[in-house]
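What follows is a set of structures for review.
What follows is chain A paired twice: with chain B in the first complex and chain C in the second.
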Partner chain A sequence: MKLLFHRISRALLISALFVITTTITVHAQDPRIRLAALDHLATKASETVDVNIDERLIQLAAKLFNDKDVDEAKIKKLVNGLKGIYVKSFEFDDENAYSTADVDSIRSQLREPAWSRLVNVTSKREGIVEVYIALNGPDVLGLAVLSAEPKELTIVNIVGPVDLEKLAKLQGNLNIPDLGIEPTKTKTKNEQ
Partner chain B sequence: MKRSATGKLVTALLAATIWSTISFAKGDDFNSVVKMIEDFYNVKHEGLPFLAKAGMKAVGIGAKIKGGDAKRFAEAGSIKLATFENQEFKGDFMRFRQVLNDSLTQTWMPLVQTLTAPDHEQCYIFVRENGDKFRVLVVTIEPHDATVVQATVSPKNLALLMKDPEEGAKAITQEATIIDQE
Partner chain C sequence: MNEEYLWDKSGEPDPEIQELEQILGVLRYQPKPLDLGDEVQPRSRNRYLPLIAIAATLLIALIAGALWLRVRSKTVPQLNNAGIESPKRQQVIPKIEHQKTNDILATIPGKSSREPRPKVKEVKHPRTLEVSNMTASERQQALEAKEQLMIALRLTSEKLNLAHRKAQSASPNQIRNQHKVG
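Let's turn to the complex of A and B:
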């Protein structure tokens, strides 16, 4: 009886460890950026925009956009297969309204192994524009854009198979701000 | 014994919280949102939410929306509107956003939310499926006025709304307000 109890306990422990490990692995590969740490900036910002288009809405959009309408057909093609589009954008009246710590709260997530910073990204905008891609082997899991200008902070997070070309075309649609990104030849930091 | 009593209390509180959340989510969210605004800002809406009848007899009649003709978004007879006029909307808008999202996100999908700090202007757009159509809930709060609009839209109009949510929300709110005045 005691032996049976020990075996059950061990089996339960192993199962629990498996569940925890799986959860951690999945979380580590989750290309969704946690943006809640920036919420406090809304009280300082002159304008805050929060866009949440999750997989259900994207699937709907993919079904609903009209193939006969040139614009809609273009967006439909772009969003097809995506699992989420999340945008948080703050506009401030004054400079230095957000801190390095605010930017680092996003950058720290982008330092996780799945993420690589893309180089050769040019933007017509002033300030910093960093574009990151999350990969799982050859598969693209998502893309993140961090745009930090003196009076504006924008984070765009697209979950699913996406590339710079797609991002550039999505700008200005579905409330994704125009980041001034022009796609050029891309290279990940691992390829340098 | 003491631990057991505490445990029961915690369980009861949890059950009550879950029950109230489920009740809120399952009930009429439009009325709940109106009530929430009233309680949070200590204001009163004008007139009961109603189904707009006049002017909504036919779908597709161009409504005169600021700047000219525009497509009619809402399905006939589907608009519920509550307006708050000439009242003070003072309060922690971040807290309001939190309360609103906590209450609605179980049943509604938040699409776009905008906050404009100097005037504490807020706009929230939520969407949910409703059979083969969709329900859109638009909450707009300005320093002295607010509107809550719920409307049913066709898949085609949802696509238009998703293409440009902010303009779409403005159009729905203006459409409801114009119909209210007809």
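Let's turn to the complex of A and C:
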């Protein structure tokens, strides 16, 4: 009886450790950026955009997209499967309204190996623009854009399988630009 | 009456007070061991109790974790309402025209048109998901969510455009790191 009890306790302990480790690993791969550290900037900003759309709201909004409309269908397809879209954008009247620490509080979360930087353009006059992508093997887990201009600070965080191919195909719709992301070549009917 | 006696027993005692002291003195606290009798016996402490508590806690955590993972894994396929499913999955699929289906299939990464296409069942879309069946509050919430979604996409688009424009116009030393994905 005592031996059985010890074995059960050991098995439980190992299982609990496994669950804890799995949870920590999953959490570490979570491409959600904590943006709350920037909330204090809202008081200084002349204009603030704060978008928090979770999976449920995305799915709810997706129902309103018209499948017969080509553009809306594309957007619906793009947002389908996303787990969240979070945006914080602050526009200030004066320069230096936000600090380097504010930017670093976001940048510190966008580190390897979870995140890979796609683009980093730094200009003393115009500020910085950084584009990050979270990958798990070939799967895209999320996208982050950090734009710190003299009078504007914007952070975009898209959580979920952002299909870069679909994103690239959306060029022209909503002014979504070409990021140099070439879609995988799929043979069209004419090529068959 | 001498109040000093009442205060610290230093003065001349009052006979009445002394009498009262004698009467009440029998009720004074007498230190003696507590006698609980034979009926009440202290219960022996179970040495395994803490271990059982820990094991129970771990078990609850394990069950909660398993439930959470189960709910999480169930939620994702339910929300995938694109209309294209792998043959393994069996789900209600919205009605899609054949031509449109073929076009959509052609856009799926890694799925060329020559590959055998998954059979798409033509099943009537569940009416519960129709917009017309949404309640007023749900519709309002959906409209607000859509508006926010469009703002977010526009802003994302704008910033990506900015990144692209800057990357193209910037000198090579300004671009510190740029990879091509795809």
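Keep this in mind: the second predicted complex is superposed on the first by the 133 of 192 C-alpha atoms of A that agree within 3 Å, B and C clash if a C-alpha of one lies under 4 Å from a C-alpha of the other, contacts with A are read in each partner's own complex, and residues count from 1 in each chain.
Please note the rule applied: a contact is a pair of C-beta atoms (placed from the backbone, for glycine too) under 8 Å apart; a residue touches a chain by one contact, two chains touch by 3 or more.
Treat the numbers as computed from the prediction; the structure is a model and nothing was measured.
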Partner chain(s) touched by A:Ala42 [first = chain B, second = chain C, both, neither]: first
Dominant contact partner of chain A by residue count, chain C or chain B: C
Contacts of A:Val51 with chain B and chain C, given as first, second, both or neither: both
Touched partner set for A:Lys77, first chain B, second chain C, both or neither: second
Contacts of A:Ile85 with chain B and chain C, given as first, second, both or neither: second
Which superposed partner A:Val131 touches (first chain B, second chain C, both, neither): second
Chain B versus chain C as contact partner of A:Leu64, first or second or both or neither: both
First (chain B), second (chain C), both or neither touched by A:Ser116: second
Footprint overlap on chain A, comparing chain B with chain C: 49, 51-53, 57, 60-61, 63-65, 75, 174-175
Touching residues (chain side chain A, partner chain C) in the complex: 5, 8-9, 12-13, 15-16, 19, 22-23, 49, 51-53, 55, 57-65, 75, 77, 79-81, 85, 87, 89, 116-123, 126, 129-131, 133, 145, 147, 154, 156, 158, 163-166, 168-169, 174-184, 186-189, 192
In the complex, chain B residues that touch chain A: 93-94, 97, 109-118, 127, 134, 155-156, 158-159, 162-166
In the complex with chain B, residue positions of chain A that touch it: 39-40, 42-54, 56-57, 60-61, 63-66, 71-72, 75, 93, 173-175
Touch list for chain C against partner chain A, complex: 48, 51, 54-55, 58-59, 61-62, 65-66, 75-76, 79-82, 102, 106-114, 129, 131, 134, 138, 141-143, 145-146, 148-167, 170, 174-182
